[in-house]
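Okay, so here's the structure we're looking at.
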Amino acid sequence: MSEPLLSVRDLKTQFFTEDGTVRAVDGISFDVHEGEIVGLVGESGAGKSVATSSILRLVDSPGEIVGGEIEFKGETIFGLEEGDDGELRPRDQMLTETEMRKRIRGREIAIIFQDPMESLNPVFTIGGQLREFIEINRDLDAGEAKQEAIDMLREVGIPAPESRYDEYPHQFSGGMRQRVLIAMALACQPDLIIADEPTTALDVTVEGEILEMVKDLQEKYDTSFIWVTHDMSVVAEICDRVNVMYLGEIIEQAEVDDLFYDTKHPYTSALLDSMPRPDETLDELRPIQGVMPEAIDPPAGCRFHSRCPEAREVCREVHPEPRDLSEAGEAPHTAACVKHDAFDVGYDESPPIETRATGGFSAGFTETGGEAE
Amino acid sequence: MTEVGPPESDPEALLQVRDLCKYFDNESGLLAGVQFDDEFPYVSRSTSDVRAVDGVSFDIKEGETLGLVGESGCGKSTLARTVLRLLEPTSGSVYFQGEDLASLSGEPLRRMRKDMQMIFQDPQSSLDPRMKVGPIVEEPMKAHDMLDEEGREARAKELLEKVGLDPQHYNRYPHAFSGGQRQRVNLARALSVNPDFIVCDEPVSALDVSIQAQVLNTMEELQEEFDLTYLFIAHDLSVIRHISDRVAVMYLGNIVELADKEELFENPKHPYTRALLDAIPVPDPRSGGRTALLSGDVPSPIDPPSGCRFRTRCPKVIQPDEYDMTEEAWRNVVTFQRAVERRSFEETDPDALRSRFFDDALPSGDAGTLLDEALGHVERDEFEDAERILVERFADQSVCATATPAYEVPSDRTDGRHYAACHLRRDEAVASAVDEAAVGGAVRPGAEAPEADD
Amino acid sequence: MSLLRYTLRRIAQAIPVLIGIVTITFFLANQIPGDPVDIMLGPTPAQEQVEAIRAQYGLDRPIHERYLTYLAGVATGDLGLSIYYDRPVLEMILLRLPVTLLLMLSAFAFAIVTAIPLGVISAKRRNEPADHVSRIVSLIGVSTPSFWIGLVLIIVFAFHLGWFPARGLVLPWENPADVRGAATQFEVIRQSVHHLFLPMIGLGTLQMAQITRIERSSMVDSLQGEYVKLARAYGVPESTIVRKHAFQVAQLPVITIIGLGLSTALGGAVLTETVFEIQGMGRLIITAINNQDYQLIMGTTLVFGFVYVIGVIITDITYSYLDPRVTYGDD
Amino acid sequence: MSINSATSDDDTPDGDDESGGGPGEVEARVGLRYTLKQVRQDTTARIGTYIVGFITFVAAFAAFDYYVLDYAIAEALLYNPEADPQNVRRLLPPVGLENQFGQGVIEHPLGTDHRGRDILSRTIYGTRIAMTVGFLATAIGLGGGTVIGAVSGYYGGWIDDVLQRVTETIYAIPFLVLVIAFMTAFGRDLTFAMIGVGITAVPVFNRLIRSRVVSIREEDYVEAARAAGVKDRNIIFRHIIPNSFAPVLVQATLQVGVSILIVAGLSFLGFGAQPPTPSWGQMLSASRGYMLPAPTFSIFPGIAILITVIGFNILGDGLQDALDPRINN
């Protein structure tokens, strides 16, 4: 396979709070190739959004990227090396803040946020905001940028774009605003667009329209996408490859069809099993028991073991790194679960453990402050 | 709508909603409704009611779950609150245990609330952050003078256990719980007074998928154990399919279809239901994605379309009887009309437009003449005139615009009744509540159709 | 809704408030103990003289009748006759109002011009030294009585350093012939500025401090907005984000605060005029009270209320101009 | 003064210690004990508490001396000119300074006023007036504003319309002018100053409480209580009032400072505490005639006001940070 467009290796982003260090992203690695839509899926709190803002180096304080490598088209977005004094310091090749702003953000990597209601500035017109970003990232003058903005609004299906150009965000419905944000991203002609749960706040019919449109436009412009979502249906519909995140880690990574039909991690299967289906009536849902633990104090061993129906004693002790489990000639399919023979840590001999999966609902409290008044 | 809709008129039903309307005054304040115009008489008083719920009727039988599904803004939450009399209905009745809640107020209404409870969407904001879980669960019992202090505490603990929480958590504050657990506290509170009927307003939509399933399972178990009747509101058809016995589909303040679950999902009779079903994503990469998506925005509930409210987006809107176009030609006219309304193209050249919109079928006759006239307006950049011709002469002439649909059709899959508010079902209907004069009136050009000039 | 319609609507909404002000003023003034006639005529007036005066000022009629007459008078611009000055109340007010308005305008100009940069810098450099300085300055500003600032300014800058005059005010549009030491209009203006400087700071400091505080917190919030994140993600330079993206949204609460601050500032004007012996509306109301000139008390109180209401309408309109959402779903 | 109330209305607190959105933080943020704990942890709030505590102590001392001992302590410690009319030293500067009237003396650490009275003792005794008026005026405003705001916000409709129009009107007349007119009508002494200032604070609390009630009324937990059949009265007492506690506490703290400022202004104009009762505003008013020869006479009462009001403002700001109104988010 060709050189990836974006390559993330062992990325770690942590938040330094009063209560301790929150390891929001804890050593994830994935690639995005040209022209593909890569899914990043997981429940809330899995660290998806932190991962995407890390790629743009836009993690808000008190968060900080503490380790790993991010390479984009041969440039180092993030990378550390050990200095003479043994301290880690940014590598010389790492882009400066100004270079990030001028060369990467918007121009090479654009982002679409989850909340279309809050992402647009309420006091500026839609057109004005669009034009500004185009001017900055495409080196066009104001007139050209305006034309480009109007064309792009039409492209994403905004009716009467000339007149709506001068309207304000509050005059647009949620779906329309999300289209504007997509137009914004596409208009800057980046190579990669990060879409952070862009359809979560929308109705299914609107979501459907937007996904259709994105698929068409993605083909037309050949842009790569990182598509962040919690919804497996969206993944099934739009993604080429998928990374499943749980508690700051990527626990399974596969092509979309393999992920659904040859699921290798118990969390992924549990997630798929817990969903009600629109196309058939299920007698009973099989939920994942318990809740996701806090990233401030993750369980030892496999982080999912506390909720895993297949957990054994060894899962409590061994922390599995993701491994490629695909057969020769197949597309890579990595998973971080010791039940696979490749790990060879004695899963089969290990006795099953009592977990929240069998312990009922009463377990799984968040630990902080329960007793305080 | 009174003859066929509601689909049931079962006097035994636990809850009977009849022709319920809830309008909101768009403006508030003493002078808020006063508008100043640039022309004489300069001041006018506007009435811009938002018709959130507009003539809804249905029954809920004891022990069943009625699912109510619709997109955001369709009025489903307002309907829930109006049914429970948390909002005062503008008109209509809600019979619960033989009493019309709409006519109750004050203390008698408060007493009725013992038997009907509600569960809210947001597990965070529905619990008072300054109250411990125990008192939260006990509050309804206290309000209805149930048991003594110790009895209430014992019952609260018992209920916490029933909904899957640790009774030891009686003394914890809500913030110490996760979203799913808070929703369980909500359940315990609702159950505390032993109600017959619970309205669940999107109870799982704020939860992660894996947690959704836990809560849904618990709700089903509790329904069985306590003999509960649910009105279950959701925008997620998968959830509705899982939990409901019967399903009502709501669009812009109206119920457009109501049938048993299997019937509705497998044999939908309303184009909107069809469109919704087609729009649901399936968690399966081999499913082939969604098909036939709706386009356009939901119209404003301040001034909803006449007749069938879905007709402005309906892919199957019926050709007015006065024209005799082929089906393809009529579809093209509709597509063109909506494109003009949305100003979604730039071209003004009639030939280009003809080939773009009417490539396979061009209307002839009267329709063709009107279309040429509209194209002429477009060419002169008079979009408004073009729009007026297309809307007034085509869209507004359709039976979908002149008569409000209400039909009962035979059920294919189950014994239950199947209500569908779509004129396409005219011929197969076993009963209808449509003003025949309005349907007939549309046939004769120029006839006064009272609803048509909306 | 157009701006014009919005303006008309705001004015219409203000009418009940204005009538309310007249009502409160009228009944308060009628509570004033002592009879103005006593003051006019001395301790032992002749009975018929008293009655003549009472009839002249309409004091012999029942209170509700006098109220309606007064209300009608206000509507037509007739505020009655000042007993003390023996001139129409309106005439006295028109003479003094420009002084107070000039003082107010300059104080607000000073406050806004200094506070907005201070607040913005403070928000941008949160928890850095610049922020601490700005916060301490604004804390002292909101905690200091304006009249005391005036006194200190006089002691330091007028008495000690002799840079500015300690009392009085020259209006910039006064005739040079009427102003001592001024030959040309320019010199009148120069003198006016010279006189205005200390009272302006005295009156403006509180406003400055309040605006700085709200500007800071509003900018802090705005800088955390999603739209700011989006702008950053699209490579917009930080300076543009502060100056444009975050700034404009952040000004909305600031405008509200300026409108509300008018009330404090109008009260402060009474004190400042006292400290600097400026013959404005503030001195007029004090003179009226000290002489139990109750027509004048009513008139001045009323005009203070009216000025405030007009100020609030102006800030509302400014707000609606800056926030496109207002014309949509106001209230 | 409205400014502070608007701050909390607009949910734009001077929040200083946002945790920056680290994932999944939950903490107990309720109850009185939590409030005290937060205040202890917040440096600003602590400093404010110290200042307010100190001023309150001084005021209590002055009140004790005044009511119980009839100025015995003051007279014993500090020179009183009325006790020795032959030997009055007027307008002395503070100790260590010199002016045309003489050299500062240790008996009058801050100098004497135009009648030869000791400035330090008068400043101390001014604290009593300031604090009494500040607290009582705030209490009046809080009481009136709470009742009107709660009724108005909870019931809405025409009751709301009428009450809001009335308070709007009161609000429309600049505070100081309104209080002056009020005192002219009813009486120029301290009691009416207090009532007058209290009345001007009514709209401030009304606005705050009404907006809190309106927003809390829309909260799901209030709707849940209504749906459960809880009586209106219990909803107000169990849900609405406890949840309005934090912003009202903040506003009340700030309002004490504001009231002290207004009353000082009133005294300065000759409304309020009448001589010889010592009050800061009145001292400043008297000092105006001697600004050139004895400028220090004008300085100390002003500093006393400044420190007191700063104390309340710091405490209010600290409380606002500590009890961030966004707790429900």
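General observations
Labels A, B, C and D are assigned to the chains in the order they are written; within every chain, residues are numbered from 1.
Following the convention adopted for this analysis, a residue touches a chain if its C-beta (ideal position, glycine included) is under 8 Å from a C-beta of that chain, and two chains touch if they have at least 3 such contacts.
In UniProt terms the chains read A = Nickel import system ATP-binding protein NikD; C, D = Peptide/nickel transport system permease protein.
Source: prediction; values computed, not measured.
Grouping the chains by touch while chain C is set aside gives one piece. When the C-beta contacts at B-D and at A-B are tallied, the pair with the greater total is A-B.
Each chain gets a centre from the mean of its Cα atoms; for chain B and chain D, those two points are 53 Å apart. Chain geometry summary: the mean Cα position of chain A and that of chain B are 33 Å apart. If each chain is reduced to the centroid of its CA atoms, chain A and chain C end up 54 Å from each other. Each of residues 16 in chain C touches at least two other chains.
Of all residues in chain A, those touching 2 or more other chains are 366, 368-370, 372-373, listed in ascending order.
Annotation for chain B: residues 29-30, 173, 175-176 touch two or more other chains. Across the complex, chain D is touched by residues 16-17, 20-21, 23-25, 28-33, 126-127, 139-140, 142-148, 151-152, 154-155, 159-160, 210, 213-214, 216-218, 220-221, 224, 253, 256-257, 260-264, 266-268, 270-271, 274-275, 285-286, 289, 297, 300-301, 304-305, 308-309, 312 of chain C.
Residues 29-30, 81, 84, 86, 110-114, 116-118, 120-122, 125-131, 139-140, 142-144, 173, 175-176, 186, 189-190, 193 of chain B are the ones that touch chain D when the two sit in their complex.
The part of chain D that touches chain C in the complex is made up of residues 1-3, 6-7, 10, 12-16, 18, 165-166, 168-178, 180-182, 184-186, 257, 261-262, 264-265, 268-269, 281, 284, 287-288, 291-292, 295, 298-299, 301-302, 305-306, 309-310, 313-314, 317.
Against chain B, the residues of chain D that register as touching in their complex are 26-31, 161, 165, 219-221, 223-231, 234, 238-239, 242-243, 327-328. Of all residues in chain A, only 56, 58, 101-102, 104-107, 110-111, 113, 115, 118-124, 132-133, 136-137, 168, 170-171, 181, 184, 188 touch chain C in the complex they form.
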